[in-house]
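Two complexes, one shared chain (chain A), two partners (chain B, chain C).
So, the complex of A and B:
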């Protein structure tokens, strides 16, 4: 597909929020480009929804197949769609922005007036001893393999962690008759008491029936161990056993595959590199971009929608995507504010509905500190193989934050650009210094936010200025 | 002196490499100093530059300082108790065509005429032996064999730590607002209170012109933000640091295997917001130069690009001198994107100026007076 040189709006990410935002923009007459890394739309929650080999719809469930309607709506709306396209930079240019995009191995710059970031969420790091052994994966990755390729895990499978995605995956595996050895639930017992404060809201929210249903399914086929503390993956050159503590007793089981999950957090790399202000959210234990009720960030012209603006699930992401799209269309003069507000009403009430009960889930599934903050030789930065001990020793030497940590240890300088280690490093430093994570801050992120080859950058168009610069330099050598 | 947060013999404004080096050498000369740094040590140019330890291709006025500094680099461990990641595999400036070659040979002749032997023309065969991955069209280069590279943040932090170990105090997160003479001494007002000292040293980098203006000796300093890129690790293929001739380029492979690409193309800079905005079309030109000279780099993956905030003077050489208007004030700034290698020697020069009023090294070309009569 050819990407034109300019559009009114670029939407980054074709998940629930991105599809909805692009649809609203395009329907309002805005020249819209939806960019996405994957070969087909759906983001993560609706991953591979137009191409999944899983013909039996009961496996992935009705919440997943809801996404088909979003894709159809987008296809009819009239926006341009660029799959297999990675946005690695967004810089201000001429009153608007220039997006650096790699598409099919070639880099180019696309001029736009406004940007909507819908880059979604990442799984929170789960740094337990042995988490880098072959045979240990994140549960979300296993779910992607299921959705995109219909692949099922084999052998003695252990799921461990907490959060809705873990139970969803367990239910989906059960529906495919995949045997799960054990589901190790790390939700601490005291957490239920704390969460009970929000129980009424949860009870009248859409989550209760869904959640209970998933639990019932999972229990039918997997042995669930509750209140698990201390997880360890053991093995010589690959995973062979999982050790855990429950009810004060240590257990060890043979395992071929360990699937870890303790929640998702916003993927803030692109927003942060653009300069959008972030704040530390103590209940979600993550950095969240600061946005208003339309998703507008602290950078004029840049909006953030979906889980990338705070974890709230697929339906809330769709609602926020619509709001961001309507806001952009209004800002570009295609909708008057009254019409924008009218079209926004359904999304606002859906957002309110989804928000009810969210506090309960966030509180209940808040990952336990020992599983967030590793010790000793447990690896924190996987790219550079930096351990918790090395990080704490560096704090003792006077390193006060993650950016200095980069210079001392190369921590955060690898290809994941902090996605696997950032939150762990911030919290470790905060705990060691005795200050809140908000004061420690996060890695200062820079473009390109996804690695891009030198050859691709070299293919970008040349400026007149750089031609002059070469001529000047040649002259000065005389 | 009353009403001061702290006092010392000297206040150094700016906690970059030159400020920390000044503090270290002042300590060795028995002068107590306070360093006032508005962010954290090494936050700007000092911590994020290409790390080139380079005598090659220097402006003539800088050559004696650079050669003296290089000797200090070879003993850097003794100076700051840290090897700073310094490795010496030489630096070579590439000739891509006959015009480049003629210019570089003329440069070699000029240096020899002035009594310097540190730069040597090498032909295509020797270039290929030293830099096997270079593109075959290159005709040779100008080599400085003793040059190398070090880790800029680690170096700056090491100078800081050693200065502190010798008794100097570094205050981070302290922003200087005003400097003024009070009687026979300096009062430096900051956002955390006032500091007092007999001597004032201006190592304020891209913000140094403001102190000059306050002293009645304004200078035409231009804040610039030279851009850098770093790749993911590659198997070792390059030992010397490579510089372009006609096309701006600085290119090195670190011990970790990552490749650092610089060369001076500029980002947009806002020195008050302390932000830089990368220009990808300019980076594309750097990328093209690299790919032309090293074809294997086409598939190298760029992981990060950034730009540090630096100060440039119109003649591309720094200001290193006593103040032309006010007693007990000294300047060391404006290193125009090539100050890193000079760090160790400039601190020593500053200490000599403060304690004796002069220095054996030829610093007349760096006098602040060159920017206008007072």
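So, the complex of A and C:
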């Protein structure tokens, strides 16, 4: 794969939204580059769709295999594709943007007129005691191992948490005859009553039948414990036991692997570093970039599509990707507004269909506070090993937000750049101060949003301007 | 802890993990190959020395950092295995390789 020096549009992320956005752009005659970290297209939902060794289509299910058509469409559309490529910066340059990209250990700068961010979602932090022990993984990790390498967990497997993906994984494991020791469901009991007011929309949504089917499958093979309120991973150097509390009773079981999940949240680091405005969403309990009906962010020329602009699922992500692609093609003069609107019609109705029932899911699976807000010595920041107590101590010292706090503790300053602690930190500080999370805010994120070596940056081609700048500096020191 | 589905085909890519020969499946990430080889942990942390292993498998958490062919701090879940690849678990902070000096 070779990457040219300039394109009209760079799309970041080759999941549902990114593939659809890049296809729409390329079909309209826009010079499009799709950049993605993974070796093959599909994002996480359609992970390894072109390479998976799982030939038996029942294992991953028809929702997964739907992604094949999306990749085929992308391949026909004629966009350039750069796999194994990490975008670590997007900065304004000459009326457009310059994207800093690393592929296979070599960095380069690519000039583009517009950017579409399709960075997707990541699993919500699940900060329980012991969550850093080897043997504790996110449920999504197990699913990725299954999709990409045909690897199945073996031994005493415990699934814990809430949300559709946990039950999807359980069903997929059941289909491969994998025994699940226990499924610890942390959905709070009162949540069904609150969610009930959205029940009608849910009943007529695509989610209901799917949800019931997964539940039925999971029940066949796993002992499900409901109303789990407290969860701990125990072990010395490795996970060996899981302790939980349900309905006032505490129990401890032997475990080889604990797979955690309590929903997904938008991956906003790149959008945030670019300066796209965001807002706190009280129902999704996450910061979400502010976008218009085409996915355009507050920064002109930058659009955000898919779950990275708020969680709505894979089919909605595809629709939002198409809208962002059409909008970019129109802004570049490749489509007139009437044609853009005509092509957008199907995606708009698909988006409306997918939105039905979402409120029910968001309400029902809103993770319980004790599993979002840890206490005492539980690690919050995995990279710098900062505990809940240490963070709360800085609030007592007068820290009002994450950015002050991190200069005391380095919390959020490790290689993951707050992706697995940011929301926890915001909510912890908000609760301690008695103010809404919106007032506390999020980490201020800067480039590079992913680590890049100094060697790679030093090896970047020098522009005339940068050479002049250094030459002047050297002269003034003489 | 992880077992391969039979339909995944043969594991015929020869790599070394901490100097020991190991077979991976073509298309495996380094993290997947290590988990398939029964290794749940791939490094100790620079802060407390605690053991860590692959956690998210999608390039987000950076818990799966390992040394690959002498280059430290590579995300094992994002790098595909290659025949002859030298994979090493990391202990604490990684030493930065100096150009012109042979890597360990």
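Keep in mind that, in the parts below, the second predicted complex is superposed on the first by the 466 of 478 C-alpha atoms of A that agree within 3 Å, B and C clash if a C-alpha of one lies under 4 Å from a C-alpha of the other, contacts with A are read in each partner's own complex, and residues count from 1 in each chain.
By definition in this document, a contact is a pair of C-beta atoms (placed from the backbone, for glycine too) under 8 Å apart; a residue touches a chain by one contact, two chains touch by 3 or more.
Here the structure is a predicted model, which is why all the values come from computation and not from measurement.
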Q: For A:307, decide between first (touching chain B), second (touching chain C), both and neither.
A: neither
Q: Scan A:91 for contacts with chain B and chain C and give back first, second, both or neither.
A: first
Q: Please determine whether it is chain B or chain C that touches the greater number of chain A residues.
A: C
(Q) Is A:149 touching anything from chain B or chain C once the two structures are fitted on A? First, second, both or neither. (A) second
Q.
Between chain B and chain C, whom does A:39 touch in the aligned arrangement: first, second, both, or neither?
A. second
(Q) On the A-aligned overlay, A:8 touches which partner chain: chain B = first, chain C = second, or both, or neither? (A) neither
Q: Return first, second, both or neither, reflecting whether A:415 touches chain B, chain C, both chains, or no partner chain.
A: both
Q. Does chain B (first) or chain C (second) touch A:404, or do both, or does neither?
A. first
Q.
With both complexes superposed on chain A, which partner does A:217 reach: first (chain B), second (chain C), both or neither?
A. neither
Q: Considering only touches as defined above, state whether A:451 meets chain B (first), chain C (second), both or neither.
A: both
Q.
Quick check on the output: what are the common chain A residues between the chain B footprint and the chain C footprint?
A. 414-415, 451, 455
Q | Interfacial residue positions of chain A with respect to chain B in the complex | A | 89, 91-92, 98, 100, 109, 275, 400, 404, 407-408, 410, 413-415, 417, 446-448, 451-455, 457-463, 465-466, 469-470, 473-474, 477-478
Q. Residues of chain C touching chain A in their complex?
A. 1-5, 7-9, 25, 27-29, 32, 35-36, 40-41, 45, 47-48, 50-63, 65, 71, 73, 77-78, 80, 99
**Q.** Contact set on chain B toward chain A in their complex
**A.** 40, 42, 47, 99-100, 103, 153-154, 157, 229-232, 245-248, 256, 261, 265, 275, 277-285, 287-288, 290-291, 297-306
Q | Residues of chain A defined as touching chain C within the complex | A | 37-39, 44, 48, 51, 53-56, 84, 86, 105, 122-123, 132-138, 140-141, 144-145, 148-155, 176, 237-238, 256-257, 267, 382-385, 414-416, 419-420, 451, 455
